[in-house]
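The following block contains the structure, expressed as structure tokens.
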Amino acid sequence: MTSLPLAVDPLFVGGVGLEEVLIVALKVGVAFAMLMVSVMLMIWFERKLHADMTNRMGPTITGPFGLLQTLADGIKLFFKEDLLPNDERGDSAIFRLAPYLTLIPAFLIFTVVPIGGDFDNADGKVSWWGNTTQLQIADPPVGILFVLALSSLAVYGIMLAGWSSGSKYPLFGSVRASAQMVSYEAALGLSLVAVLVKSGTLSTHDIVAGQADGWNWNLWMTGFIPFIVFLIASTAELNRPPFDLVEAEQEIVGGFHTEYSSIRFALFFLGEYMNVVTMSAIMVTLFFGGPDGPIPFFESFGWAWGILWFMLKVLAFCFTFVWFRAALPRFRYDQLMDLGWKLLIPLSLGWIVALVALDLAASEGWNRPLVAVICFAGLMLMGTLLNAAVQSGKRKRLAGEGFD
Amino acid sequence: MSPEPETAATPAEPATLYGVVISDSPGQVVLHPSVEQYLPTIEAMKADGYVSVIDLCGVDYLTHGGRSLPEGVAPERFEIVVNMIAHTAPRRARLRVQVAESDPTVPTLFDLFPGVEAMEREAFDMFGVVFENHPDPTRILMPPDWDGHPLRKDFGVGSVPVQFKGAAAPR
Amino acid sequence: MTLLEQPDPINAAERVFRRGDDSAVLRISEADAEMVETVDIDPLSDEPMIVNMGPVHPSTHGVLRLVLEMQGEQVLRSKPVIGYLHTGMEKTGEQLSYLQGGTNVTRMDYASPLFNELVFSLATEELLGIEVPPRAQWIRTMMCELNRISSHMLFQATNGMDVGAVSMMLYGNRLREETLRILEKITGLRMNHNYIRPGGVAVDLHDGWREDIAGLMDLLPPLIDEFDELLTGQPIFRERLQGVGAINAEECLALGVTGPILRGSGYAWDLRRDMPYLNYDELDFDVIVGTYGDCFDRYAVRLNEARESIKIVQQCMEKMPTGDYRLQDKKVTPPPRARIDESMEALIHHFKIFTEGFKVPEGEVYVAVESPRGELGCYMVSDGGAHPYRMHIRAPSFVNLQTMPHMMQDALVADVVAIISSVDPVLGEVDR
Amino acid sequence: MGIIKDVKDNGMGGLEYNFLTAKIEDLVSWSRARSLWPATFGLACCAIEMMATGGSHYDLARFGMETFRASPRQADVMIVAGRVSQKMAPALRQIYDQMMEPKWVISMGVCASSGGMFNNYALVQGVDQIVPVDVYAPGCPPGPETLLHAIVTLHKQIETGELVKRREATGAGAGIVVEQRDGQSDTQIVLSR
């Protein structure tokens, strides 16, 4: 048993009994409920915050402060007439499947996120009723790969939704979605590599543990750039403005979900906002030390403080996403591609090389300032060359020569 | 004060411009080319610095009591009115082309001023004046299957008698 | 940085003259366009597909319909299809008397209603051969410029919205709302005022108008600067608009285009300066021009025109004379309400003017003003009766729409949206 | 006891006043009234006022209505804002048909309600000839306050369930057929169901 990845969770070290199963069930239940509530609040938060940024009030009459607005939306959508495309133009089976393909990965990603625990004074594990466990549903040794895999899976939902609708605007949306996801997934993965190089592990728990004590956060350990790339790439992955080409209302009506109504549309809506929450959680985990934060008192309940810090950090990211939406115009399709392929991917690639070189210098005892200067110069040179190449390509294209 | 009609006093001897009879309207010269003179006149005006056709519209004079036209211009049912503008020494000129009801055909100005495309389509739609050699001679405002030309004077307004619905009437 | 090449001056306008398949205009009939929609195309072929955008689409400014021939996301040819808001206003205008006509025309360009009333009144006055009192002239000038501000702010709102900056919609509307508040106070209505009438204006400025407008003029500049901050310097916004939908001055002139589109292409032509009407010859203002004629220039022209309008309004406030706000001619203007109770003659005049209207001598006239969208003209034919025999409005948006196919050629779907909003068509005026 | 007797007497109709279903019905009407997503159907002047209603001064978001849906499939209420021309009428009906039940229509402004001052060949004299209208907002154009009043009226009607009942009784469509008038061809007879 111990050789199985399952055993990584200290809960199962002593074998699996009823108590362990109950604890796991409890954790799953709490995580599920928390996620659903947080999505509900996230939608409310976005509407309120965006309203506030534009001198409005936002929802006020549905429940106190309009808190129940999302609930009303959900119930209404649930009881609305549903529509399925006929099989001549679309594909109703896939049409039905697609919303779940976006929703379920969003749920699953959250399973590997450590949402609490005291990482400063302890190893982030808590003891309940004599069982030691982690405040995350699962901690597979390949946690980060799991995240990457699932986040790429979400694109299938959007792509298939647009394709199976059998209508033109959704098709535009799905074509845009696939191109956008493919290019930003690469940038996302590459910026992650920097974190992995620093942490030396793929397990989310170990990544967080490695960042204990504020000064070890990957944010500064990796030198900001991977974080910025990750933030931009994840915004694009989430189809949030300014990268919301997939559902650009002004251009292609509703994009992939144009033909969706009723509960299926609600599932997309839910999945989208759940993705915002989970992506924020992943970002906190990778760069901001997860639940790491000061523990002023009640030291024995350090894990509860962790939950608080974790939530505050996630909230900060949710705020950022809303802020993006309120402030930025939308990118155009080709500009989006340009940003992804010509800036983010080369930048994160170059940054990885520089980080590795610096690491190597530290372990081999080379002159670190010199290495840093060489790396910087190399990056600048590569950047200039790349820019020249891009410019020449643009000139050729404008002159109508093409690349052949 | 009693307003004085401007166009009442027609000159005794018809003045001409570009070989076309002209009259005067407030601030603008009005040319009265025949359908044959129409295209050459516009060409000459284009060469003379009139850069744009600002407006082109039709008028149906079916029920008009009698308009004042300079001598030598025979009134017809339709008029195509073209407004042109010159930017150097800013000035405007207006052309009033008499178009016979029996043959409502006028050459298009598209090859000189492509901007008339929409206006000519509108004049066709509203008055049924055909513009020869127009690149897209279709209706523009009305649905393609509409019968008649609404701005003709013999086309009814199509108003529906106002009926007040009872407030409590079940639907 | 610009990607634009300076056009060859000889062939500068060549592309708008094309009439065959190489033209940017997709000249298929509407019925055909609907047919294509339903025809099954082999999904594996790379034939261009026809996409109908509108008439109900979030970014077509009401009910414009675009038939786009597309290769992937790229537009090959396109055709704007209009008429979905055709209201028969020119026909209705023939049924209404000259005094009632204002209510009709004001509903054409609903973003800048005062200009429609102005041009209608000017045409009527020209036919009547009357001169309105100076105070009425100045009030008209000032009100029109206020209206220009609100119209350009509406453009900022929709333009921001169309490129995806949702907040701009709300900021633009807020600015417009501030202006509308003043307009409502003066005219009694938020839109479709019917304030400028043949012979003057409907009512005099209210007491305290000076403070109200001065307050607005203090309020607006910082809010307009906010647009500058949020949009002009915004890299994504610039990327989206710069070099998109470029059109040069020669093409504009060939197409008869006027207004911010023509000025955006670097051609300084503004009726207010070049063929002054009202009091514009006594006012000091700049004609804003762009350089490249792209969407960004049109945006910048409109933004700065709003600033110029603020300058004009301030000058109008300084120069506002006292006197009559409408012509004291019993045949044209109705008597004041108070007079009706005491004078039989006034009552008769009032009754005559509002039932049969005043007669206008036979003749025809064309008058034009510079509306926020370009040259707004009114061609009016009178047969000597109390109703216009023919009332034709030369709508700037109607002509400006023709630039769209040329701007859109080879653009992407996202550019199409930016181009539509940068042309700033008001469909009520296009279709009339 | 009571329920069983009701069912015995009236069949399934007796379940109408069942405690559970009644509460769910309340919940559903509550949610429908609170989350009434409008379809963007701006036509003319009124569309500008509709935009203004969504703006900062009036703020439709208070009612959870700032989510103007571009896709009719997701919209609940169609605010017909402006004059409906003969050319637009089929498109309007199509959009209405594309909307999913339950759906409501607000006719905004006199042009949409009755043709307004444009009693002529080009306009449909009242949008209720094409689609069933639930609330008419008067005005030319109605100010944002009027539209808000219309919306709140609709909310109340939805919440009390009046509308749903009436709709079921009479079916969709106002049942008005427009006769052919002078100058119009037969093709212009307005759709009706």
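Letters A, B, C and D mark the chains in the order given here, with residues in each chain numbered from 1 onward.
What we mean here is this: contacts are C-beta pairs under 8 Å (C-beta built on N, C-alpha and C of every residue); 3 or more make two chains touch, one makes a residue touch a chain.
Given the structure is predicted, the values throughout are model-derived calculations rather than measurements.
Looking at the partners of chain C and chain D together, the chains they share are A, B. Here the chain at the heart of the structure, going by C-alpha means, is C. Contact tally for A-D versus B-C: the pair with more C-beta pairs in contact is B-C.
A separation of 63 Å divides the Cα centre of chain A from that of chain B.
Chain A and chain D, compared by their mean Cα positions, are separated by 40 Å.
Distance between chain B and chain C, defined via averaged C-alpha coordinates, is recorded as 22 Å.
One finds 46 Å separating the Cα centroids of chain A and chain C. Across the assembly, chain C contributes residues 57-58, 83, 86, 88, 91-92, 170, 174, 431 that each touch 2 or more other chains. Across the assembly, chain A contributes residues 54-56, 249-250, 253 that each touch 2 or more other chains. Multi-chain contact residues, meaning those touching two or more other chains, occur in chain D at positions 56, 70, 86-87, 119-122. Contact between chains, as defined at the top, is found for A-C, A-D, B-C, B-D, C-D. Interface residues of chain A, counted against chain D in their complex, comprise 47, 51, 54-62, 66, 68-69, 71-77, 79-83, 249-250, 253-254, 257-262, 265. Residue ranges on chain D touching chain A, taken from their complex, read 27-28, 30-32, 34-35, 56, 59, 61-64, 66, 69-71, 73-74, 76, 100-102. Chain A contributes residues 50, 53-56, 168, 172, 175-176, 241-242, 244-245, 248-253, 325-335, 394, 398 to its touches with chain C in the complex. Against chain D, in their complex, chain B makes its touches with residues 141-143, 145-148, 150, 155-160, 162, 170-171. Partner chain C is touched in their complex by these residues of chain B: 1, 3-8, 25-26, 28, 51-55, 57, 59-60, 63-68, 81, 83, 87, 90, 92, 94, 96, 110-111, 113-119, 122, 126, 135-136, 138-145, 150-151, 157-158.
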